[in-house]
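Common to both upcoming complexes is chain A, partnered first by chain B, then by chain C.
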Partner chain A sequence: MKIHRLVYILMPLVIYMSFLWAPSAAILGDASRILYYHVPVAWVAVIAFIVAGVESIIIIIKNDEQSLMREERAYNTTLIGLVFTILALVTGAIWANLSWGSYWNWDPRQISIVILLLIYIAYFSLNSALEGNESRGKISSVYLILAMVVMPLFVFIIPRVYDSLHPDTIINADKKMHLEEAMKITLFTSMGAFTLLYIYIYNIMNRISAVKIKIREKRHAL
Partner chain B sequence: MPSEVMTVVLVIWIGIALFLYRLDRKVSKIEGEIDEL
Partner chain C sequence: MTGIYKNLRKDFLVEFRNRSAVNISFAFAVITTMSISLVAGGTSFEPHIHAILIWMIIFFSGMNGLAHTFIREEDEKNALFLRLAYSPEDIFISKLLFNIIFFTGIISVICPLYLFFLQARPLIPQLFIATAFSGGLAIASITTILGAMVSKAGGKGSLFTVLSFPLILPVMWVSITNTALSIEGAESANYRNVLFLIAFSGIIACISYLLFRYIWVE
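Take a look at the complex of A and B:
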């Protein structure tokens, strides 16, 4: 059994822990339970974009017969990252409405995540515009590397430079997590479950890409 | 209230899990067929 299939057990456990086992936060109440979904989806988005950047670096460095599959893998992980960024934005907006009274507050964190989203949407425009171009893989890879380099600026730096309504993140100034033990356990279990979900989806998408490439090769061979 | 939201989230997860499971099986089947060609 492949380890990512553990998600079938872990995710229902996370759902149970997040709604019934973990206590609600003192001020935010039950609304705080969205934390166990908002943080893990944002975490997966960052991981997915880093994987895309790393795959792209390998494409540029190696440039061998595996490059086509690597390009597909970079595309797949970027697509997953984009979906999870949208989920982070949506869960964040729901949480903002419950805590701050409005879905959109022009908060530096909300703005920076939308800019990040636009950067990665532009990748798909670039990739599809270059269809049939020999340099498509390399140009797209360079773009993904640049996007990976600027990503920490939008995720970690800008929201900390400007005053924000957003609460301290896990990596905060005093380097301590202000959460009860049960809440911490639930959060980390959820992050693990969402990471497994990412690996599972990424695995299936890559296998589909490999099948497509094989079919294309067999057609050319005929 | 949390138990009602939990039920909705659980139903959404069951839908996603079923979709992934069926997709995983279909891809495995196609992979097997391609290897036989």
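Take a look at the complex of A and C:
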């Protein structure tokens, strides 16, 4: 079955499961349902940035005729990652307002996600500043690798080292998920659906990039 | 080793001939510290405010000089010669050492000046010194590789700030917190954050060392 068909089936299923099937949390009530969107978008953002880093490693190792397309792919996945990071930040802020009474609380996790966002925004500045430079792909790739190395620090380390109001994440000290079975199933279905949505968007963007490259090559040939 | 030493020596000779980076950075540090001192007029600040002011002065004093090391090579058309004469690894290590020494110099001037004029007395001086130098080490490590990238983009001034600020923010965050604790003499003060800064510098320096070749060699 093609990915887009799975996305069309799973996304409405996630909406149904998250709003109607999964029970609401004991203290937060229905507000807790934002969990099924906040966690998956943050998850997809991390995946997208890792893919960008891996693409970048391949770009600098294999310097061949596919490099231009790989650069485009790294750019596309970073763009998707950036959008999903913004979504994670917005859903996180809504959740923070519902549980802590304020959208912005100077919580280490909120600060670290904003820093991560700034790091990847800077990538686009660098990429556009290098326009016309032959080494653009390699330099941008080096930056993306550097960002990928620093990313775990912001996503996994800083929020755990400093005291945070953020609830226990899936990867926690107890190595247990403090969720009911139906909530767990809904969360994992949502994560799967969002991952497929990422792959679907990523494929579309890559196809558009491939067409753009071909048009550019034809123009040069004329 | 010879390549590193020769290039480092060249960088210092060039710097002390025209003194552009050194002059700007040190003049900025002295003027800002004096300005804050005059404006404050003997007002006593909270330890956290002291820490923020010290790190703001350190950050902005260093920014000009740190990017300068690579941009100068491109501006003066030395980059091609350096590519032919030295290995990328030699260039990277010499530039990193230059930045670390340069930034250590800036910190050595700013901190005593600030403490003297603003009359701040760190209750745990060892921690204050360790934080200042480990924070400086982390900033120098990050800005070395970013300076190389910016030099390839034609040395666009604001680009360096845009690229470096997000990566420097966590370093500033940790350094400011630890500096405040050292001034305050808080019981919770410890060397864990200093270790974090040194580890962060080590990770960035290692990754940069491995990747520098791909920026430098065209």
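Convention: the second predicted complex is superposed on the first by the 219 of 222 C-alpha atoms of A that agree within 3 Å, B and C clash if a C-alpha of one lies under 4 Å from a C-alpha of the other, contacts with A are read in each partner's own complex, and residues count from 1 in each chain.
One rule holds for everything that comes next: a contact is a pair of C-beta atoms (placed from the backbone, for glycine too) under 8 Å apart; a residue touches a chain by one contact, two chains touch by 3 or more.
In this text the structure is predicted, and so the values were computed from the model without any measurement.
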In the superposition, chain B vs chain C on chain A residues touched: C
Partner chain(s) touched by A:Tyr143 [first = chain B, second = chain C, both, neither]: second
Touching partner for A:Phe19 - first (chain B), second (chain C), both, neither: first
Partner chain(s) touched by A:Val90 [first = chain B, second = chain C, both, neither]: neither
Touching partner for A:Ile9 - first (chain B), second (chain C), both, neither: neither
Chain B versus chain C as contact partner of A:Ile213, first or second or both or neither: neither
A:Ile115 touches, of chain B and chain C: first, second, both or neither? second
Sites on chain B touched by chain A in the complex: 1-3, 5-6, 9-10, 13, 17, 20-21, 23-24, 27, 30-31, 34, 37
Residue ranges of chain C in contact with chain A within the complex: 145, 149, 152-154, 156, 159, 162-163, 165-167, 169-170, 173, 196, 200, 203-204, 207-208, 211, 214-215, 218
In the complex, chain A residues that touch chain B: 8, 11-12, 15-16, 18-20, 24, 30, 33, 200-201, 204, 207-208, 210-211, 214-215, 218
Footprint of chain C on chain A - complex, ascending: 60, 111-112, 115, 118-119, 121-122, 125-126, 129-130, 133-135, 138-139, 141-143, 145-146, 149-150, 153-154, 158, 161
